[in-house]
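A short write-up of the structure that comes next.
Labels run A, B, C and D following the written order; every chain starts at residue 1.
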Amino acid sequence: MAEHLDLTTAISRHVRDGDTVALEGFTHLIPFAAGHEIIRQEKRNLTVSRMTPDLIYDQLIGAGCVRKLLFSWGGNPGVGSLYRFRDAVENGWPTPLELEEHSHAGLTNRYVAGASGMPFTVMKGYLGSSLGEIAPHVRFLDCPFTGEPVAAVRALNPDTGILHAQRADRAGNVQVWGISGCFREVVMASRRVVVTVEEVVEVLERRPGDFVIPSMAITAVCEVTGGAWPSYVQDYYDRDNDWYRKWPALSRDRDAFLAWLDEYVMGA
Amino acid sequence: MAEHLDLTTAISRHVRDGDTVALEGFTHLIPFAAGHEIIRQEKRNLTVSRMTPDLIYDQLIGAGCVRKLLFSWGGNPGVGSLYRFRDAVENGWPTPLELEEHSHAGLTNRYVAGASGMPFTVMKGYLGSSLGEIAPHVRFLDCPFTGEPVAAVRALNPDTGILHAQRADRAGNVQVWGISGCFREVVMASRRVVVTVEEVVEVLERRPGDFVIPSMAITAVCEVTGGAWPSYVQDYYDRDNDWYRKWPALSRDRDAFLAWLDEYVMGA
Amino acid sequence: MADRTPAWAADEIMTVVASRLLRDGMSCFVGIGIPSTVANLARNTHAPNLFLIYEAGPLGAKPYRLPLSIGDGELAETADAVVSVPEVFNYWLQCGHIDVGYLSAAQIDRFGNLNTTVIGPDYHDPKVRLPGAGGAPEIAAHCHEVTVIMRHTRRAFVPRVDFVTSVGLGPAPDTRSRLGFRGAGPVNVITDLGILRPDPQDNELTLVAVHPGVDTQDVQDKTQWPLRVASPLDVTDAPTSEELAALRDLKSRT
Amino acid sequence: MADRTPAWAADEIMTVVASRLLRDGMSCFVGIGIPSTVANLARNTHAPNLFLIYEAGPLGAKPYRLPLSIGDGELAETADAVVSVPEVFNYWLQCGHIDVGYLSAAQIDRFGNLNTTVIGPDYHDPKVRLPGAGGAPEIAAHCHEVTVIMRHTRRAFVPRVDFVTSVGLGPAPDTRSRLGFRGAGPVNVITDLGILRPDPQDNELTLVAVHPGVDTQDVQDKTQWPLRVASPLDVTDAPTSEELAALRDLKSRT
């Protein structure tokens, strides 16, 4: 059953140095506020997993929280590079960054395997690709029925899954609509689940295209209005595309990034 | 893209003697009218697949359409036995019935593998159970990462998937809500997909808890009001529990069954 | 005021005793029939926040009437969420999110293995064809624990089941861990005569309690293997008038 | 009335020529950037029923403006359905339901293998770290066919990619069938200079058409391997004023 906590308490209690943490959300519903709280609490040596690292992981990496990144596409969508990510990979600043690299389908299926309580699942992927050669989380098998080659991908079960959603009720049931990415899979695969929401309401009025994750599957719910900005929350606020376009200017240079971090995250 | 057809044409064109056919629907949305059309068209040697054979497969089996049954629970829920199913298994009437038997999770995952375009998938099941010994569609593997034993279940890709839903629009998009069982999986796994619907509407007004299957994934849509009776269609009509309770009296005896079939199906 | 012991039917005490095992806030995988009655009785009495999962997809169902079938509309309408069948079995059950499952069977053996498939030695030429596995094998494997609830008859309590539909606790003490099962398996067997639990040494089912007025010899007579009896043997608490009223009220709505 | 040939930018003719390959009613897996522009141009001109699938989950999206990101709200709001990412990749893409995928890359080699991961011989010490695979490897594997669209530069058209992110058509003619891939792979490569297609004999990319005014030698100069040129070599039709107007209108909305 989910517990209602403030964000500081939730992150302090449920994210520990060295943990494997997945902050997911596919363009939509990216839990920026929770990421900033991790930075403020100076968590270290995290292994972080996300299909699209996006600005949130660029910030976590630049702030020195991350030891290892699991990802499948590391860019600023429609804009260009993630400079803190590249600086860590290419120059080891502020600390060396270990990469574990996937395709979208591959990382998705690692979550699916984790959510299914299986040690692995199978897919048609990585075959023939150089990705298959550098990936410790991939093995190749022959189908026991047809003999055709398939890839086995290892389950991913984060210590903590962190997600943002539109609403929760007092009992901790969480309601989501719009693009949901791997929301269900990260909830079911993670040992602990922290969900930040735009608002807590008395009754979750159901709406078209929504789904509800029962409180039973969630550890903590935090009301954090605006918690996904500059990504978006359908029917609450739009994606701040200008801010995404501005990010290179704030992050290309280490000092500029540190100044931004100091003022807008540490000082917040 | 889905074509709008009358039921007679859809079944005539898309179900052929010897085909593997899945008429699914979990208590809710069982495509009885389509099943009766298969009986009227005297299709033969079908391999039919369903988690819960229910009355619809009892009728298809008693009418002599079925050579082989893939299933996971063969009873009249809350009432008792399926007598035509038992007569076919125990006495070979009207023709011998080959069984391929699963657990719910096992048959579900065969659909999942089929819907995923994989030759198989893996699950924690069948291990230690006698089911694993009699099942040609199950093999045991060791996880390539942890060594733990898992079951591989072979993909099931029906020639024709037949489903019932609440509504479709003119373009053939199909809208479903309530208990959906393996609806999506059967759609995606089947070579041809026939969906009977309560009504065809101009615009699918979205509603809480619904989902829409795009026309792109569907072969034929047939408007068949009442097409799931005596099962139910949420927000259209309730399950006719009395009729389920009456079925043993209509089906326990071969002659009574044939008389019912003649009057209510063949004569309809 | 002393509670006068009321009269009850055999199924009633079985249902009441089983429902007492459910604690508030637990998640419970519910089959149709007596398991559904047990779970809803608990929800209507001491465990109002019991989280019921039906295999058709309703999560957190709160039916007012007992459903005839596993997929009745009321289950979906009263649920916190309705998910697909693959999601129920893979993401909820297999992933280890369910505390307790309730199962019944046509046969149970001394190690709690369950048969719901065929009676008779030859699967391909059965004496009786039963409905089959349904969700049972995975409920037995993955729930943190399982309660079996069934009438105690000599036909049902056999030394070895004809067909192992769902794996119990043996024959070997490491049967489950060797198979990689997460759950503890059938740790309670509730019948209309009493309660059996696995012996901690070798997992053989042992009579640990009888219902009020039940004779131990009667339990042995209805069990095909030489039954171990715990010493001291408990006697279950009689159903209270409140429990019986709640159960009868629930049944009268259906 | 004769259509006066209008002036166009290099990206514009690349986009227009690519969009002409899309036929009405096809299903198309759409990446962000030029592929999204191509698909929406086709949808706004000759293929109004083009079925666009974005990897974030929107199926049948009909955006009015071009999205900046793959998961923009307008994609979800205009879609026939929005599904989860596992469902997009497993049930739609991997299952073989998508007719055509559009891909771009930092490097392409003579057999159409694509690199979007790292530049340089050592993965662990790259000269340039690129964004990575995203959906590309499975789009390349499972769509019935793939169109590659990218600017023609000497840095990009290399004999052998530094890293095979997505498998193309070789080196061996049976590379794809041996891997069990369902789709035909990159059967069209559209650049700002012309069109390359695999040679039916050995799958080597061959220049089959140039855009109006493009010199063949210029294409060779911008390709690091000795380029095969089809004989006769086609010249693509110039963008019509309607096509250019539609494209510029689409871009002006964004």
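Operating definition for what follows: a contact is a pair of C-beta atoms (placed from the backbone, for glycine too) under 8 Å apart; a residue touches a chain by one contact, two chains touch by 3 or more.
Computed from a prediction, not measured in an experiment: that's the story for all the values here.
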item: Of all other chains, the one whose Cα centre sits farthest from chain C; value: D
item: Whole-Å gap between the CA centroids of chain A and chain C; value: 40
item: Cα-centroid distance, chain C relative to chain D, in whole angstrom; value: 57
item: Multi-chain contact sites of chain C, meaning residues that touch two or more partners; value: 90, 94, 142
item: Multi-chain contact residues (two or more partners), chain B; value: 116-118, 123-124, 148, 150, 184-185, 209
item: Chain-level touch network, classified as line, ring, star, complete or other; value: other
item: Pairs of chains satisfying the touch condition; value: A-B, A-C, A-D, B-C, B-D
item: Interface residues, chain C side, partner chain B - complex; value: 32-33, 55-58, 67-73, 75-77, 82, 84-86, 89-90, 93-94, 117, 123, 126, 129, 131-138, 141-142, 163-167, 175, 179-181
item: Touching residues on chain A, where the partner in the complex is chain B; value: 116-124, 137, 139, 141, 143-146, 148, 150, 152, 154, 206-210
item: Interface residues, chain A side, partner chain D - complex; value: 26-28, 51-52, 71-75, 77-79, 81, 85-86, 89-90, 101-106, 108-109, 111-112, 123-131, 134, 148-150, 178-185, 209, 232, 234, 238-239, 241, 244
item: Chain C residues within the chain A interface of the complex; value: 25, 27, 49, 51, 59-60, 80-81, 87, 90-92, 94-97, 142, 182
item: Chain A residues touching chain C - in the complex, by the definition given at the top; value: 1, 115-118, 173, 184-185, 188-189, 211-217
